[in-house]
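Just below sit the structures, each encoded as structure tokens.
You will see two complexes here that share subunit A, one where it goes with subunit B and one where it goes with subunit C.
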Partner chain A sequence: MLHTVNKSPFTNNSLDSCLDCVGNGAAVLLIEDGVYGALKGSKVADKVKAAMGKVTIYALSADVKARGVADKMIDGIKMVDYAGFVELAAENDKVHSWL
Partner chain B sequence: MKFTIQINEGPYQHQASDTAYQFTKAALEKGHEIFRVFFYHDGVNNATRLTSPPQDDRNVVNRWSALAEKHNLDLVVCVAAAQRRGIADADEAKRNGKDADNLAPGFRISGLGQLIEGGIQADRLVVFGD
Partner chain C sequence: MSDTKKFLYVNRKAPYGTVYALESLEVVLIGAAFEQDVQLLFMDDGVFQIAKGQDTGEAEMKNFSPTYSALGDYEVTKMYVDKQSLEERGLTLDDLIHLTYEDEDDDYAEKDSIRLVSREEIAALMEEQDVILSF
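After this line comes the complex of A and B, so read on.
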């Protein structure tokens, strides 16, 4: 299952809720302000790193670049472009948007 | 693979419509089918042809119209959400006693059943909102 999170974890708890619910082997894609969830050294970074043991976390590269945080991403977060987003949506049997 | 896209937010205030547009474009470029794009809630504001953004900014509405024309997309606007927000085609304007209509080319107004059908007929329903 693919989960998309589009909110900053500093204004909203959707990333937190998402990580509490995801199943093993799921994919989590951070888009829009959601990419702030992939920031190194933030107060949510430990939870994100811990989740990376059971799910793969991706960030949408255009949104990362637009916010100037490309060099501040947690190691192991995978960058995807829009084509990669489409691929993730196709590969996973369902897409859930944490709006 | 067949996708239905749902958009719940209007242009410029939120990124939802931009992300949905880029996703839709990328899906078409990869050879996927877009079964339908459904505009719901404030998302119906993506369908007014009266927007005039600055020339150096993206035109969210025209961009959808152009993509629809190029790929023969089915852009559906929820009728109840549209009525509340003053989005009308000629028929809706007449039916509601309005003196103007504003639906952009390539969009059509219909009911929520179109979203349900989109969810059933497509392999994936991807929702963009805030």
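After this line comes the complex of A and C, so read on.
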């Protein structure tokens, strides 16, 4: 199952709730302002790193680059391009967009 | 009629500040009309959607909260509420509208629709769906 998060974790609790509600082996894709959730050293970084034990976390490279944070990503976050986004949506049985 | 699918509607927004809650309710009714297996989950500010005692008279908005009580008649009988979200907001089950349905397999006995769940249970609930719609 694929979860997408498109809100900054510093203004909205979508990422927090999402990480509480993911099953083992799920994929979480950070898009738009959601990519700020992948920032190293932020107040949510520990929770994100802890989640990486059971889920794979991706960030959309176009949104990461647009925001100038490409070199500040937590180690182990996987960058995907738009084609990768499509692939994730296609290979997972369902998608939940946390709004 | 084609196969029935399991639909979970995830409600995470408070009712009157934005139109999400009302729109969700509309889509829930459509899903139920098409005889799908419809379930609702209320978490984060979404729990305020089913708070008791809503009175929108002075605000001059439509109070759509009575509609949740009608969902049982549309065979929407599973309303999940995130325990943690209630606690964070100082609410308990008693602060919510008493939602019930009549169980046709049990001589139409009145039963509670609301089921309190943990976030771990929500993870499992999501995994078992065919479709998840977020509002």
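In the analysis below, the second predicted complex is superposed on the first by the 99 of 99 C-alpha atoms of A that agree within 3 Å, B and C clash if a C-alpha of one lies under 4 Å from a C-alpha of the other, contacts with A are read in each partner's own complex, and residues count from 1 in each chain.
The rule is simple: a residue touches a chain if its C-beta (ideal position, glycine included) is under 8 Å from a C-beta of that chain, and two chains touch if they have at least 3 such contacts.
Note that the coordinates shown come from a computational prediction; the quantities given were computed from them, not determined experimentally.
Undergrad: Per the contact definition in the header, classify A:S17: touching subunit B only (first), subunit C only (second), both, or neither.
TA: Only subunit C; A:S17 stays clear of subunit B.
Undergrad: Of the two partners subunit B and subunit C, indicate the one touching more residues belonging to subunit A.
TA: After superposition, B is the partner touching more of subunit A.
Undergrad: Examine A:V64 and indicate which partner it touches, taking first as subunit B and second as subunit C; both and neither are also allowed.
TA: neither
Undergrad: For A:S97, is the partner it touches subunit B (first), subunit C (second), both, or none of the two (neither)?
TA: The answer is both, since A:S97 touches subunit B and subunit C.
Undergrad: Have a look at where A:I31 lands relative to subunit B and subunit C in the superposition and call it first, second, both or neither.
TA: It touches subunit B, and subunit C stays clear.
Undergrad: Figure out whether A:M1 sits in contact with subunit B (first) or subunit C (second), or with both, or with neither.
TA: second
Undergrad: After superposition on the shared chain, which partner residues are touched by A:V80: those of subunit B (first), subunit C (second), both, or neither?
TA: Touch status of A:V80: no partner.
Undergrad: Per the contact definition in the header, classify A:V55: touching subunit B only (first), subunit C only (second), both, or neither.
TA: neither
Undergrad: Given the touch rule stated above, what does A:L39 touch, subunit B (first), subunit C (second), both, or neither?
TA: A:L39 contacts neither subunit B nor subunit C.
Undergrad: Let me check the overlay on chain A: which residues of subunit A are in contact with subunit B and also with subunit C?
TA: Looking at subunit A, the two contact sets intersect at 94-95, 97, 99.
Undergrad: Please give the residue numbers of subunit A that touch subunit B in the complex, ascending.
TA: Per the stated touch rule, the residues are 6, 31-33, 60, 62, 81-83, 85-87, 89-90, 94-95, 97, 99.
Undergrad: Within the complex, which stretch of subunit C touches subunit A?
TA: It comes out as residues 10, 12-13, 20, 43-44, 84, 119, 122-124, 126-127, 129-132, 134-135.
Undergrad: Mind listing the subunit A positions that touch subunit C in their complex?
TA: 1, 13-14, 17, 20-23, 94-99
Undergrad: Any idea which subunit B residues touch subunit A in the complex?
TA: These residues of subunit B touch subunit A: 1, 3, 8, 15-16, 19, 22-23, 25-27, 29-30, 32, 123-130.
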